[in-house]
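In the two complexes below, subunit A is the common chain; its partner is subunit B in one and subunit C in the other.
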Partner chain A sequence: MSTTVLQRLSEILVGYFGVEEHEVTPDATFASLDLDSLGIVEFALVAEKEFGVAIAEDEVTPRARVADALALLAAKGVRDDG
Partner chain B sequence: MADTFHAAVTGLGLVTPGGIGVEASWRAVRAGRPTATRDPALAGLPVDVTCRVPDFDADVLLGRRTAWRLDRYVHLALVAAREAVADAGLDPAEWDGTRVGVVMGSALGGVGTFTAQHRTLLAEGAGRVSSLLIPMMGVNMVAGYLAIDVGAHGPNLVTTTACASATTAIGTARDLLRTGRCDIVLAGGAEAGLFPPVVAGFARMGALSGRVADPAGASRPFERDRDGFVAAEGAGVLVLERPEHARARGARIRARVSGYGASADAHHATAPDPTGAGAEAAIRAALADAGLRPSEVDHVNAHATSTPAGDAAEAGVLRRVFPDGPAVTSVKGVTGHSLGAAGAIDAACAVLSVEGSLVPPTANVDTLDPALDVDVVHGVPRPMPVAAATSNSFGFGGQNAVLVLTAN
Partner chain C sequence: MRTAVLCGLGTWVPPRVVPNGEIAARLGTSEDWIHGRTGIRERHVVEPGMSTSDLAVEAGQRALKSADTDRVDALVLATTTPDRPCPATAPGVAHRLGLDRCAAFDVNAVCTGFLYGLASGAGLIAAGVAERVLVVGADTFSTIVDPDCRATAAIFGDGAGAVVLRAGDPHEPGALGPFDLGSDGQDADLIMVPAGGSRQRSTREPAPPGAEFFTMAGKAVFRKAIFQMAGSAQSVLRRAGLDLHDIDRFVIHQANARIINGVADMLGQPAAKFVRNIDQVGNTAAASVPLALTSAAESGELRAGQRVLLGAFGGGLTWGSTVLSWPDIEAG
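Moving on, here comes the complex of A and B:
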């Protein structure tokens, strides 16, 4: 069974950051998921470990949308499995 | 005395090794049921006996979305504070938050987060250290997060006087009410320091009980064979109000904080002054503040943590100050010693004693230390009217703080 990058991202947001699954939509900003300027740094740290890529502090911000994060991960070569 | 200030205690919240909530905690304390156990998280340490809050899951109690960014000491405090506010019949959506203060005590702050992040730093480098480290570990942050949670915009601070921290917080909160700076203050303490470096440090001081083969019997205040304290975690929060404010809204006043005294031994970093002069000064100051004579005190909720020297020094002071022999108890036989939270747990129990006319027993007292010569309640709770009680806390650094609680 294939796992999409969105699913893996959603698992982080739900499992680690306590966001409700239905909130994780492409247009949701990280700020709307209660990830403020400190929270987004923690998110980058957790995402780095999950996806095995380096994410600089200025590459994601609370104003960024989930879709922006997916595009960033794609640009770093993260692909859907399967 | 006409100008005695009686802060109204209108709400209580407790998270203790006896259980989550006032009811569960008080049930354990009343029963004299010890909570100390061997602690798997401390396996391999010479002393691995602690008192932990049972079944405390912050993700469930607070929600993962709130819990992930907070240290455990704030988790414990938030649960206690919410219980206390609800118990007071207050609705933060309706109060004037500018008139609501928060004064909490903590000795160690977010030391668990610090130790974990220090491991990360050493193992993975500075780039992997959490951006939340500082707001999670700060000893001041518990008051800040409580204010965020309930919308309390008044004076906000943390007092840190080691094992007296929460008592200092409650006394300071009463002063904020007395001076008219606040109508309501959430006051208490929180501690979650049961991590290997902390427990090892206490063990190296010789402060902890070495009774690892009999953990339930390790914390035995005033008992002949006591050999040290058992480290604990927990939180306690009292809602204090200006008496006029409490009366105007028809609040139930469970008891009153009618006196506060504080002093310093100025003697030694960690050993109590064997003469007890500093502790005595704090008790006498609290009684004077309350306008009470020693003979009017029915009950002493003692600091007594089960150390040989500390319990003996306190007993000596109690004999000197209270010749009429009030009923003395230490809840630490049940709860262990939760450091900066202890004063709030003790004060809450003293409130419950005043309100319920019942002094709980000191656990594990098989044979009272004959050298102490104080009336220690043990075995079973003692039903008795408690018009006035003191709650004593004596911290490392020689920092002493004492409250007087009275019936409304």
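Moving on, here comes the complex of A and C:
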């Protein structure tokens, strides 16, 4: 079964940030998921490990949407598996 | 070098068991939802009239018996739910245990309380103030949780756990240390009881509705618990000159099964190394680590000679960790 980048992103948000799976929608902002600027730093650390790409501090902000994070990861060459 | 050595362990939970089925309907949810979100199936709660000191006395008695002693020089009680705001609960517990005249005081570091209590007790021994210390973690969160709040009512349970520390040698089994302790008061509001202190001082009027209930900002606390417990574990290992692979068992605060999984993932350690008893007792705050220790020692999951990392995170915010080689003791 293929795993999409959205699914992997969702697993990070559910597993490490206490977010409910149904809250992870493309239009949800990180702020709406209770990630403040420190939360974003922690998110970037975990995402770097999960996706194997570097994410700079200013590339994701609390105002960014899940869709923006997906676009950023796609631009860095992260693709859906399978 | 004088070091505190763990030489006795005892725990107690009140007899009344509350399974998820008993609270799910009131919270507008299901037994499975509670279990899936938290890993909890049931918790123990006190009946009206029973307070934190009653639990502390039961656990303290068992720890003294386990250590085969009836004398200590100090009693440190970690709790967020003292019998009264004033005085501290520890002297009354000491009196009821027949430990009159020993030093006795409370420590409040919420769910990190047991680690702070251990460090305080170990410090009294290292400084030569005490030869033997009883450290108790006891909480009755059922007395401060809003029974209709889904974020907290399903999570917390009541209980108590205690250990006896004695002066010894750093190379003995049971020798505690080093410790990593920390706090971040910038986030003090994430976990709190708003009323009952000097910020919302007592008047002749009752406190505003709900102001005496415990509140917790779920998501922020969830992630901070994972990141701080993982960070603290790494710090204490650096101080001890140990590696993650040197640890046989992680006994960390039973806050939520998903938080324990998150810490295991973040540290890249197998989930099986992490002791769990949260399904039976819920989050028992300061009692959580000693209750998990007893559960693991009784099941054989934790054996003498294994290297154990203890860790916790709680309101304050606070966090702490320590390491020890598990001694050959029988939980009382």
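The rule is simple: the second predicted complex is superposed on the first by the 82 of 82 C-alpha atoms of A that agree within 3 Å, B and C clash if a C-alpha of one lies under 4 Å from a C-alpha of the other, contacts with A are read in each partner's own complex, and residues count from 1 in each chain.
In this section, a contact is a pair of C-beta atoms (placed from the backbone, for glycine too) under 8 Å apart; a residue touches a chain by one contact, two chains touch by 3 or more.
Because the structure is predicted, anything quoted here is derived from the model rather than measured.
For the composite obtained by overlaying on subunit A, subunit B and subunit C cannot both be accommodated without a clash.
In the superposed model, A:Pro26 lies in contact with neither subunit B nor subunit C. In the superposition on chain A, no contact is made by A:Gly52 with either subunit B or subunit C. Residue overlap on subunit A between the subunit B contacts of one complex and the subunit C contacts of the other covers 16-19, 34, 39, 42.
The touching residues of subunit C, when paired with subunit A in their complex, are 217-223, 226-227, 258, 261-262, 265-266.
For subunit A in complex with subunit C, the residues that touch the partner chain are 15-19, 33-36, 39, 42, 46. Per the touch definition, subunit B reaches subunit A in the complex via residues 59, 63-69, 128, 130-132, 135. Against subunit B, the residues of subunit A that register as touching in their complex are 16-19, 34, 38-39, 41-42, 45.
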